[in-house]
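The structure under discussion appears below in the form of structure tokens.
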Amino acid sequence: MFTRYEGAAWEERFLPRLTSKQIKELPKESTLVILPVGAIEQHGPHLPVMTDTLIGEATVTLALEKLKPDARVWLLPPVSYGKSNEHLGLPGTISLSATTLQSVIMDIAESLRLSGFHKLLLFNTHGGNTDLLNVVSREIRIRHDMLVFYLSPSSLGGAEDLMPADELEYGIHGGDYETSIVKAIKPGWVQDQWLVSETPSMTGQKFLTLEGKIRFAWRMADISDSGICGDATQATAAKGSIIQERVTDILAEVFRELSEFEFGDIRAKAEAGAER
Amino acid sequence: MFTRYEGAAWEERFLPRLTSKQIKELPKESTLVILPVGAIEQHGPHLPVMTDTLIGEATVTLALEKLKPDARVWLLPPVSYGKSNEHLGLPGTISLSATTLQSVIMDIAESLRLSGFHKLLLFNTHGGNTDLLNVVSREIRIRHDMLVFYLSPSSLGGAEDLMPADELEYGIHGGDYETSIVKAIKPGWVQDQWLVSETPSMTGQKFLTLEGKIRFAWRMADISDSGICGDATQATAAKGSIIQERVTDILAEVFRELSEFEFGDIRAKAEAGAER
Amino acid sequence: MFTRYEGAAWEERFLPRLTSKQIKELPKESTLVILPVGAIEQHGPHLPVMTDTLIGEATVTLALEKLKPDARVWLLPPVSYGKSNEHLGLPGTISLSATTLQSVIMDIAESLRLSGFHKLLLFNTHGGNTDLLNVVSREIRIRHDMLVFYLSPSSLGGAEDLMPADELEYGIHGGDYETSIVKAIKPGWVQDQWLVSETPSMTGQKFLTLEGKIRFAWRMADISDSGICGDATQATAAKGSIIQERVTDILAEVFRELSEFEFGDIRAKAEAGAER
Amino acid sequence: MFTRYEGAAWEERFLPRLTSKQIKELPKESTLVILPVGAIEQHGPHLPVMTDTLIGEATVTLALEKLKPDARVWLLPPVSYGKSNEHLGLPGTISLSATTLQSVIMDIAESLRLSGFHKLLLFNTHGGNTDLLNVVSREIRIRHDMLVFYLSPSSLGGAEDLMPADELEYGIHGGDYETSIVKAIKPGWVQDQWLVSETPSMTGQKFLTLEGKIRFAWRMADISDSGICGDATQATAAKGSIIQERVTDILAEVFRELSEFEFGDIRAKAEAGAER
Amino acid sequence: MFTRYEGAAWEERFLPRLTSKQIKELPKESTLVILPVGAIEQHGPHLPVMTDTLIGEATVTLALEKLKPDARVWLLPPVSYGKSNEHLGLPGTISLSATTLQSVIMDIAESLRLSGFHKLLLFNTHGGNTDLLNVVSREIRIRHDMLVFYLSPSSLGGAEDLMPADELEYGIHGGDYETSIVKAIKPGWVQDQWLVSETPSMTGQKFLTLEGKIRFAWRMADISDSGICGDATQATAAKGSIIQERVTDILAEVFRELSEFEFGDIRAKAEAGAER
Amino acid sequence: MFTRYEGAAWEERFLPRLTSKQIKELPKESTLVILPVGAIEQHGPHLPVMTDTLIGEATVTLALEKLKPDARVWLLPPVSYGKSNEHLGLPGTISLSATTLQSVIMDIAESLRLSGFHKLLLFNTHGGNTDLLNVVSREIRIRHDMLVFYLSPSSLGGAEDLMPADELEYGIHGGDYETSIVKAIKPGWVQDQWLVSETPSMTGQKFLTLEGKIRFAWRMADISDSGICGDATQATAAKGSIIQERVTDILAEVFRELSEFEFGDIRAKAEAGAER
């Protein structure tokens, strides 16, 4: 389900609108295929369970519209269901297992390779998918000899001047960042009457972090009563719009760079004794 | 990706627009959750590879709009990628393996059960998924104690007076039926200059059939050069619209019946000696 | 365990009585190998749990004896245990999981291919196996490049004038049809003192069916107290014998047709524009 | 497929001739269920590929007939296909993978447990199954809390005075032992014109053995041109009959012992300090 | 294989030197069990293939010796073989698949839980394991209700003033950092005559990075001829010793913190409306 | 963790101390790679849970030091965790599942094959691993075309004159044999104050044995209260040293024989009619 759908410019870049004959005849070199991967999972009392998938769809389609016409970049239907086992059991969370999600991505990649494509971008909007997608990317690289890229649009920043530092670091689920974006792209789906703020306090820990170098595995219920990490009470649609514009400006450039990247671009000869 | 998206009436019935709190508070009895399952696969030179998933989305959303407001029926995001190994290798076919698709459906069902739902309809628009989904339905029934229904809208008819008998029987992939519907719902995605007609001839076989009681397993390339079975040259948007209206009229009634069904409705006492 | 075993004519067609050297030298073209697949599962208080496997053995061997000597048709030992999870927990039900049964059939097919055979018929006598076997057939077609056929002898009819229409439709497990056949082929294994009649009532449902287009997944315990669907009280050995004769007459013809079938027989050239 | 079938006395002990009601009412304590596991695999140019499964059926049924009526011992249909990957590729070998065979046995055991049985004997007639069945036995013991026994009738001897010592040690496949038995139980299935003798020479190895303590993994083709290990040219039906009588005399006693065994029979108290 | 083994002080903290009775009686609260996970993989022409596992063993044992006696911290034998598929095919690389390594860690964790332990640290010294271990950590958290920590000692720094910034960023495999440490702990295993320097040049990429936010999946052979990333020619044992001292000083503190951590330490009450 | 580690002579034969370049240049013919496989599991109140892995390390390294310099024999790091499900739940038992251990061994073998090695010895010191390793050996032989050997040092004897016959037969876990060896190689790890003697009594069984031809699957708790089978109270370090010397004398010869073995050494031509 892509928001901003009917008649939008990005539809030109939507791969499955083409017929098999058209896809066969597409140039495949310097061509990037984008697979959005999201999640359907609880996001507190105020955000829709589709938040991650929704943001992914809105972001990637807006970025595509900023591409120049000659860019060879194609979009696939999203994998709407991700790995959300850290939220499993909370109503509305619909999660694939790690094994299942891995298989889904592997199968799609293999099919793309059989169709002649070589470059795949996993465009991920759910933090709980990240590690698994990195594992899968390497598997695809090795098993199907494809070039596989990974990025999460939220890692591109865009909110540095809009939120306090603490919120930027710990507002990782249902906080100001996500709530602002959903207010911007689908305001009717935010329940303003139930906005909440909750963040675990890591100040007592000298080394341990939520997502840093020394980390621990958590279920959301381990670290939050409300199901969120962050402060949704400060979210505004205006902030969300600014973030989306900034992020998609960058993404348009990124998509171009990835479509043209080859390993030969970065290879340097060993300086000495590099026999093996 | 749902066609007919923005602001449409069915959006009210789109489950993941709700928050976790809202889903928790939904009544669960006499409540049906619908999971569309489609496919991205070659459909000949003239139809988009998204044909099956596209038809599924258009059909289920139109049917939802015909429901009375008090019906307890909810829609999930589609499983856009199906099992299309019979088309694998033909450009644009993106197939999950049987094992992967099974795991996807099982995981979604388990999550729904954990969210409190009891009734699931697998709404399938790709013939290649049918047998697997029937296997999976029983697994869900047993493992997660849910009521699982299955239907394919194309089995509901609606074209009996619009196409010759042969086309109704053998036009199973990319023929008049599917091409007419896509012309009706997404005309810009049909390549009229490449319409084709091809149907295998079973007349030499006394018993063997394509999909009947005595059957054989085929890859599409075994039975067709063009990748289709049927006659796309006779397709019209008008026929497609008629079919869609007829099918969705029925579906609205069906959804209602399924949401209210309980096993107790059909149990009869054994007449004699039913000890065990 | 084949009934009608010792010295019977069909033993000539029993593949594993041959040595490796003999099998190596067999002609492989236009040669059909038959794998019976049955089930060991509860069939109510009156029928043996071996009913499905027993009927399969009796039927296939009788049909083989009706073949002309020059037919190239070979029989394998049966897969006696099927997928009977809809009866699991009821005493005497011995079920393989879906995954296990799939692996069994795939492994046997791969071995046959390595032995030089190309055509395999899955001869199934348990309804609960059907969907899975259809999935597997396609996997074998694709992975091992074999021609795989499927049939269930009960689908060939033969009882139309012997039972009421309702029994023909709903007598799917342990009813008149199966009980009559077991009475004909192995009378000592039917417990006449516990014959039973029980059929779920679908009349309250406008659309929903047990095994039709709009269906639901059931465990036998969901729809029957006695463990059967049908009316065993009307069964007679005479009816069973008539059915067996009729069905095996057809099967002898079918085996011949399948052994000679090639995809080239049904291919027609596309009429127009069939480029891809 | 059981040889010696029709009307034989052992049929009384054939579990699946019973109905679900009868099985429910069976006493379960001190009750042994026997599952024959065999193989369909090349046995040289002279023996049928069914040799192992055939010997298993003949042996177990003969032994059952020697039991006293009050013994609580029941027979299941055989698992006819075993793990024969050491012969894979040689015509007529039909092998399950290790994983598949393991799953088959596990599923059957679980079903038996659900039916109320506690004691299972894996009655194996193919050496290539042995290690796997031992692994599986322990899995069943632990996962399903059953008492699982294992034996291979060929390990019970019976031929010590009938064959030279070398043949007793190395005649492990298709040699005098197996050929004599098949001549005794199914003479028409032995191809006398192609009897062969071939045994690998281990005399150059001080430590290494075929199946002893210091061993190596082999495919049959690694150690034999003809596909056998042993001397089939000396086989006679008379020797086969003697072996069968001796082995089944022992088996009848063994079945009785196993049906009555409980762990409590062998537990001794630790003599000192056995705290844990 | 732990270097610095015989009679060393850390041996006191080596869990499997204890008997079952001793382990049963250990206090389990505030107790940390450490599982080192390494790799056996090519590290260029100059470093042993055991580099990662070797560094892990040396580092963890040295850190344990810096703990105060009352710390409840126990060491397990290492998982010496990791996931090194990015080096597979290069001599000396011995890699587990992602699935296998995941199963190994899951099984060990489950056994620990059954033994009464609650806190596990995955102490990882191979970058190629990181993503997978993060996935596994969450699985263990959810499936076995354990507290699972993750860290890689190389992420703790210690070389900031010893190497140029470029080497700190790109010297990720077989460069100055690892070569210096191996020179310090096992000098005889470094082949000084084959030291090499090779680093891919990412300067042409505006966004793409080796291991950053926008990344691509690589096999080592994609980015390096010599099999390393970094400059081994500048490595010295002196630098290695300094790094090891610094890192293990930190680790001793970290182990203490992790052994005492509980979720309750970081939970804050939601500030507003946190109903769910 | 290898005992007797630092600077020991066997370190020369420790494969992963070599660099990838060195391993590439090693001769591979007549070259044996040894993989020790052990277990971490309860061994009664007196022996460390590392007993099996510890004995394996001590034995293989001592044997390697008795090899002549020109022997082409290399040692791998051990697989320290084995399949110990028969002890699972008893504190300190850390077990891999059968599937996991199989995958570990398969993956290591495949990597060795990719590195150019052809001969692998599975050097096993835990009885619970034996059957599985035999299954795996054959899988490796077939899938990776390697020569795979198996042995358990305890099967080589060496204690015949040191213990009573009963102890030699039934002292299979934590008895005199194992306790004596651990006393010899790691005396500080034996808890002398808790030595125990316990052996199940099989005298009431005419046929059934613990590990013989007619066997049953057991958990240790089925047959022993103390967790051991045997008499640890008679163990002495002196006996342990004698056993170790005897066993390693043999092993040095065995390693040599295995490194030089080829299938061609044992092939004899069939004497008659060996066509196939």
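The chains carry the letters A, B, C, D, E and F, assigned in the order they are written, with residues numbered from 1 in each.
Please note the rule applied: contacts are C-beta pairs under 8 Å (C-beta built on N, C-alpha and C of every residue); 3 or more make two chains touch, one makes a residue touch a chain.
Given the structure is predicted, the values throughout are model-derived calculations rather than measurements.
Of all the chains, the one whose CA centre sits at the greatest distance from that of chain A is D.
Rotation angle relating chain C to chain E: 180°, from a CA superposition, given to the nearest 5. Centre-to-centre separation of chain B and chain C, using mean CA positions: 28 Å. Per-chain CA centroids place chain D at a distance of 49 Å from chain E. Residue positions of chain D touching 2 or more other chains: 20-21, 24, 42, 44-45, 88, 90, 194, 227, 275-276. Interface of chain F with chain D (complex): residues 42, 44-45, 85-86, 88, 90, 98, 128, 130-132, 134-135, 137-142, 147-152, 155-156, 193-202, 204-208, 213-219, 222-227, 233, 250, 253-254, 257-258, 261, 263, 265-276.
Every residue of chain E that touches chain F in the complex is listed here, in rising order: 1-6, 14-24, 40, 42-50, 53, 76-81, 88-97, 99-100, 103-104, 107-108, 111-112, 114-116, 186, 189, 191, 194, 227.
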